[in-house]
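Note that the chains take the letters A, B, C, D, E and F in the order they are written out, and that residue 1 is the start of every chain.
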Amino acid sequence: MGGAAAGTKWIHHIQRLSAAKVSSEAVERGQSRVIDASLTLIRERAKLKAELLRALGGVKASASLLGVPLGHNSSFLQGPAFAPPRIREAIWCGSTNSSTEEGKELNDPRVLTDVGDVPIQEIRDCGVEDERLMHVISESVKAVMEEEPLRPLVLGGDHSISYPVVRAVSEKLGGPVDILHLDAHPDNYDCFEGNIYSHASSFARIMEGGYARRLLQVGLRSITKEGRDQGKRFGVEQFEMRTFSKDREKLENLKLGEGVKGVYISVDVDCLDPAFAPGVSHIEPGGLSFRDVLNILQNLQGDVVAADVVEFNPQRDTVDGMTAMVAAKLVRELTAKISK
Amino acid sequence: MGGAAAGTKWIHHIQRLSAAKVSSEAVERGQSRVIDASLTLIRERAKLKAELLRALGGVKASASLLGVPLGHNSSFLQGPAFAPPRIREAIWCGSTNSSTEEGKELNDPRVLTDVGDVPIQEIRDCGVEDERLMHVISESVKAVMEEEPLRPLVLGGDHSISYPVVRAVSEKLGGPVDILHLDAHPDNYDCFEGNIYSHASSFARIMEGGYARRLLQVGLRSITKEGRDQGKRFGVEQFEMRTFSKDREKLENLKLGEGVKGVYISVDVDCLDPAFAPGVSHIEPGGLSFRDVLNILQNLQGDVVAADVVEFNPQRDTVDGMTAMVAAKLVRELTAKISK
Amino acid sequence: MGGAAAGTKWIHHIQRLSAAKVSSEAVERGQSRVIDASLTLIRERAKLKAELLRALGGVKASASLLGVPLGHNSSFLQGPAFAPPRIREAIWCGSTNSSTEEGKELNDPRVLTDVGDVPIQEIRDCGVEDERLMHVISESVKAVMEEEPLRPLVLGGDHSISYPVVRAVSEKLGGPVDILHLDAHPDNYDCFEGNIYSHASSFARIMEGGYARRLLQVGLRSITKEGRDQGKRFGVEQFEMRTFSKDREKLENLKLGEGVKGVYISVDVDCLDPAFAPGVSHIEPGGLSFRDVLNILQNLQGDVVAADVVEFNPQRDTVDGMTAMVAAKLVRELTAKISK
Amino acid sequence: MGGAAAGTKWIHHIQRLSAAKVSSEAVERGQSRVIDASLTLIRERAKLKAELLRALGGVKASASLLGVPLGHNSSFLQGPAFAPPRIREAIWCGSTNSSTEEGKELNDPRVLTDVGDVPIQEIRDCGVEDERLMHVISESVKAVMEEEPLRPLVLGGDHSISYPVVRAVSEKLGGPVDILHLDAHPDNYDCFEGNIYSHASSFARIMEGGYARRLLQVGLRSITKEGRDQGKRFGVEQFEMRTFSKDREKLENLKLGEGVKGVYISVDVDCLDPAFAPGVSHIEPGGLSFRDVLNILQNLQGDVVAADVVEFNPQRDTVDGMTAMVAAKLVRELTAKISK
Amino acid sequence: MGGAAAGTKWIHHIQRLSAAKVSSEAVERGQSRVIDASLTLIRERAKLKAELLRALGGVKASASLLGVPLGHNSSFLQGPAFAPPRIREAIWCGSTNSSTEEGKELNDPRVLTDVGDVPIQEIRDCGVEDERLMHVISESVKAVMEEEPLRPLVLGGDHSISYPVVRAVSEKLGGPVDILHLDAHPDNYDCFEGNIYSHASSFARIMEGGYARRLLQVGLRSITKEGRDQGKRFGVEQFEMRTFSKDREKLENLKLGEGVKGVYISVDVDCLDPAFAPGVSHIEPGGLSFRDVLNILQNLQGDVVAADVVEFNPQRDTVDGMTAMVAAKLVRELTAKISK
Amino acid sequence: MGGAAAGTKWIHHIQRLSAAKVSSEAVERGQSRVIDASLTLIRERAKLKAELLRALGGVKASASLLGVPLGHNSSFLQGPAFAPPRIREAIWCGSTNSSTEEGKELNDPRVLTDVGDVPIQEIRDCGVEDERLMHVISESVKAVMEEEPLRPLVLGGDHSISYPVVRAVSEKLGGPVDILHLDAHPDNYDCFEGNIYSHASSFARIMEGGYARRLLQVGLRSITKEGRDQGKRFGVEQFEMRTFSKDREKLENLKLGEGVKGVYISVDVDCLDPAFAPGVSHIEPGGLSFRDVLNILQNLQGDVVAADVVEFNPQRDTVDGMTAMVAAKLVRELTAKISK
């Protein structure tokens, strides 16, 4: 609501004003200055962190958090725009220790750094439209990848952000990746409620763009005929919960990314059964257990070049912040997968 | 509490008044008029819906929701009396799509219609006692079955309602059915706290009446010696959670209803572990997962002639309405099982 | 959402079907049968209750609860559709005694009876549009007034219901009434978001219809220019919270209804500061205290012919059901005002 | 916790690294680059908004929101760091209209604009200490004031931010202001738990700096001997709740700011009784009602040059977001006071 | 439930066993040993605290907390049995300072000490009946009063405990006291649901026993005919909320206890409007504000010899522990009243 | 917080006073008197219960509840200090029957008795330090074991209490036991934050003391390098969740305690996935299901001489008291394992 609505309102005013007294060039120039300053801020923070890692030496790849607090492309609730600070809070919360399950130390800056949030709401509020906003996200991801050995671990935001993120990863690396996509929904509609950037369409955009060779979707249990048809059209490997017990062995022994530029992992928190993660916008019973997800991730073989954790909705996380802890542990274990 | 207490109070007043100034015949006549109007309302709604389906043609069986907001026969909390509107809300809630897991379209009236609620609280408040109330429920179920191709999918209410519902189904079809009963408790006490219509006694009444040939109880984990003895007395097949891992294969390949009038499915939401469905009156850890339940239902072979989903308690559903969504998805998948 | 959405969907199907295979006359006939059965049910319950009171004798006026669970004309949240059963529960809840503050005994049927709910959701689901639905509400109110000494105490529902209720009261009594209207908002927009039956327009409809002589609005603190202009246009006496401290004495000594058919009281629960009643759809700080409201009501002089309590939203009543208790105590004290 | 803890951790790493392999000059340079980029972002957004207003013309003073999400100088809970996005959400939330109580239209950009948040957490995470951070806040406030006709309406954050904000206001205007300070606590400790920038010391810093001529504190009810002694030392006018009933008339007729540079208003949400605003870190019963606060603000005479709303803690706002609505209405009515 | 139910069960077993194999003398001896050990524990703690105060010197009267975690005499909910630890937690909670509003320092042991809880549940669980339990409470109170300068400030518990507490105070001091009783209910029924020790009857027992000269009841708003009749019978001065605005001045200038042994203050948390204290068993809108209560207490003249704060129910305190803070501040300000 | 903080404060006062006016011998003597009275209370209650069982005859071993409400050795939250009364409440709560899953009757005193709580907070508040406090816990456990056939079933409290409990069990029986330890964490740090009695160090203390032969840790998923090194150093058998699927068969067929003094079972509620038990201080996703735990416990072969259930935190149990029910069912099934 709020943030997004304010943004919408501003677009309106700026357009009305443009017609009347302010030249559209002046508006455009002001927007460009705001965007440039935003990207400079990301770049400088990435640079400072990477300089430190390079001075320390011996790091081949290192996860770096990049928050994308965008929620307005959700069809239902906009709470994911508030997720990044809550996930960070839960990562560093004193109630658990700082090791991953297999022993990586998150306190070590060689394992995990943070380059902050893309100022999404501030940019939208200046009247910037979605197409340009998506490019700002892509540029931010590239700014992180520019600074070796950083690899982006993106904190959503709704699922619409995976499109500009994967696009940037593929463009920067110079070719497609393999994607492991954990979700209750296929998110591959041609467009949803007239919005081509909808969180329900991001994987249609990714496949059309040629940014992925293989796309594996795991955890599906709310899928329409269009979802299955689009899956076939794009050659997606769809694993539905109805048959999870017989697919389990295959999924706990995946090998991905060979012959392409590596592996991208996109985790929609609602892949989990709501018993494990009630703090999501779309409650869909019958999902994976938390251990199921870790078994798939920990046993995956492949070079993970980037990842995202999306659709955590803090406005629904009413049970002692449990879903924030769940999102945080997903981030922690993805960090273990990326950093080396 | 409230609704029920009001009812109880009225019974009291009406009895006192009867003795004094109003003849019991006058009271009886007023009650009969109220009951007749209630049944007429159900009948007219069923008729209107069925006329539409018959005009459309090609439908053999079609699930039709019938709410029974009765909670006063519960031994502990009366919240289930408030369940039917909450379940309907969650079925049509915009946060999920309108397909079942195997692709049936719920928006299609040939798949799902609704005939509304039996006005239980209004009837009780006129001084009508339980025996007669149970007959009103039975008559309402028959009113739905009268209108081909409708089949009743009953929304409880506490578990006491399964007795008048199954009785009506069996009487209408002219013989016994097989029952698949998912529950943490056997609900087969001879009588509970002096109440023969208690929600803990409904399956004793059903078996005594000869309305079922086989009764399979799945998910049991709170059962006393009487519960096991009654089970043996009535030839019930009881599957306790203690041995679920070895019973699983059998339960995921059931074939029921041949040689009788079909299959009846009764789902007490507390068959689920409270992690999956905290919104119930009797929290009993150690239950089925949501996927366990769907595996059993989706793989069942048999002609499902009617079903109920009971004991959802909205007053305990404090986690983002998660249990309402769980109850709704049970109704959706049962609809897929019934309609054809 | 749910209930209302289901209704909307059905309208759609029924219209599509009409065009195709079912004649609109057949649909219309089915709807009429459903509406007739609904009104018969209200009438029979009113008759039974009134017969008892007349047999007891000595009652001049007696409050009778009539629930109108309608929430779809709200601009924001539809929770008030779930209010009537929760208010009844809180009225009879064992945590308080059954006397009003000045000593009337609610257990006495001469003081308070109940004729149940108008089956709003069931009627809408058959494709009945708002204009006709509003007439069903009016007819239900008249059905209660038909049975002396009953006077309707209506449980909303959103504020849109006050229009058909006041219309029925005025038509039945044969002339206008004086209205005391407690609310944070004036609810007198010409139409709101294209809906002439909106909960924000009910008092515009009432004034246009000539159903009220004087209209006093108390508790206002969210009012636009249109709200003030409409107020002037209709001669409304608007008392804003900004000046409540100087208006207090006048408001605690009101005398209304002389020379007209009596007094109607409409209490929107959001007239109270949200500290006292958080369970409402529109939280607007700076309102009346609970004692302020009772001081106004208890000291009012006039013959109260009917009343409503609206806009309680159980979906927002997360603090131990406190707002349900608040709505219930408003009903209890209004009962004391009506019954004699 | 989270954000702040992450920051603390990084300071540690950066200092350890400094000693070892990275020169402190390099760290310092990186920090400066981050700070410069942050201030550029604020400046550019202020410039864009002000250009629009100047083009529209006819505006003498216009409130512009500046968020300062800083919570680590709180002695108890750090939740206020999460407040600015929640307050914005509530300002624009569709549940209330967009007029203030006296009829100013918030949708009009001449009345209210927004320049976004100072990226506090991101700057701290780079190892920047509090003294420098406070200067960044001051510089941000000046950046807004640089762009006529904007006047800063600051969204906290904890109360420690009022010191750098008032300092900037006074330095920019070239002399002291009068301050109206609504709070349960005097916040004038010499230093608190060794922290001179504590949220409990901000008004000691302000008075020492000579940034205020008169300081009126209203709503006090948790005050120690030191609090009263410091009050006398600085000539503060302290109004305690114990005597509010006799002070009320004086406080509802204040005239401030003549002969100095204008009036600054600082509203700590905990000036309200927790019944009206439970979402605060320090629950202190016995406070002002919401209407009491509005009566004081709406009747104040003086030229309000800047204001803040602080100490709203979203982590405690568990009652339907009521306190967010309260903070938002305070911001709305302060906007009405500032803009002209 | 729990604790109390366990106790009830044990009584049953012990009685059955007595009849069979264990002599009732043996049971009685065991119970006596348990009670003796309980009282010894209270006595030793009181002695240790008082020795310290006497060594410090200069203290005339000093409040000492005594918890009485008894909830089974409540007619509705038993949560008050869990209150004492929560109130202590809130008294010392770091979110507020340690001074009372008028400047007494709670950290000073001369102002406030604590002698712990009477082990109510443990004693009941040994089969001890209510009459004897009430004597244990009286003996505990006397044990505190035995040790000058300690004066008991009792933390309930439900309101039934005021009877044994006042009895002990009066017996120990050798004559009646004046009682200021703040409550929504008169608690003076002859007996309630057959229980002479009910929380609704304690003040009937006190008046019959001659333990009070004057009894002032303030805050009443749920009172039946019996409540008013009993009030007249015992000469109680009952102040109802209906007329609070005209009684206010008298109540804010009370002078009590002269010519008798002093003043006893009993504060039922539900005297407050539920907006200020939702965490109570009996929600009754229309009560006092927190400041109203402090105005009455702070302006009262008289020697307060003992006090209680009762009926806080932590199981209902779902709003950030706000009611615990309210109960704690009542205890703090009563401490200021007692200690000198 | 509260209780603990009060305790800390008192230690401070007592030390300061000691130096000044009160001799340390006097303080020491007062403390000893308090401790003696506490142990006497436990002893007398155990004696009374055991006398009854011995009189009944035929009991070889009988579980007896001993509460240890200690929370200050937790590194994060102190809520477990409030757990024992809540667990008792849930054991006897009327919402479930009184049989264990395999049919033992909990209402039978031969199966389950209760000796109450060690008054931990009261003792600490007198200035008693941890070393001495731990001996009080050990002495309390021995006091229960002294009275045949009672066996202690200890209700924590945080996990630090397992050290003094196991020490007492081993010393009393005259040799080591085998321990089955269910937990998300190994709790075997040498010391944690400088506290050798930390809840994270208890099993280091147990192994150093030679109180256990074998230690099996099941459910681990938050473990650092030190945790694994300490495990090796002490010969602990650590089963991590990462490999649970392959360890499952072994763990569901354990045989322990032969050749030593028996088996001790320590259940940290956080061994469960937070979906099943959200009410814990350390939320760590990826844990056991409730049925997994019961499968391990019900199939374990061995003579269980004592057990504990720890780390349930009622302050986090916001979902309808579900975790209290989970803790209670663990206690119920452990009772079935112990009593014979």
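Please note the rule applied: contacts are C-beta pairs under 8 Å (C-beta built on N, C-alpha and C of every residue); 3 or more make two chains touch, one makes a residue touch a chain.
Source: prediction; values computed, not measured.
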How would the subunit A/subunit B interface be labelled, same or different, where same requires over half of its residue numbers to be shared?
different
Counting in whole Å, what is the centre-to-centre distance of subunit D and subunit E, each centre being its mean C-alpha position?
42
Centroid spacing, where centroids are CA-atom means, of subunit E and subunit F in whole angstrom:
33
Cα centroid separation between subunit B and subunit D, in whole Å?
56
Contacts with two or more other chains, residues of subunit C listed in rising order
94, 273, 275-276, 289, 318-319
Listed by label, touching pairs are A-B, A-D, A-F, B-C, B-F, C-D, C-E, D-E, E-F
Can you tell me which positions in subunit C touch subunit E when the two form their complex?
94-97, 99, 101-103, 273, 275-276, 289-291, 294-295, 298, 318-322, 325-326, 329
The subunit A residues in contact with subunit D across the complex are 1-3, 5-6, 9-10, 13-14, 17, 21-22, 26-27, 30-31, 33-34, 37-38, 40-41, 44-45, 47-48, 51-52, 55-56, 81-82, 85-86, 88-94, 107, 109, 114, 116-117, 119, 121-122, 125-126
Which residues of subunit A touch subunit B once you look at their complex with the stated criterion?
75-77, 221-225, 228, 240-242, 244-245, 273-275, 278-279, 281-287, 289, 316, 318-319
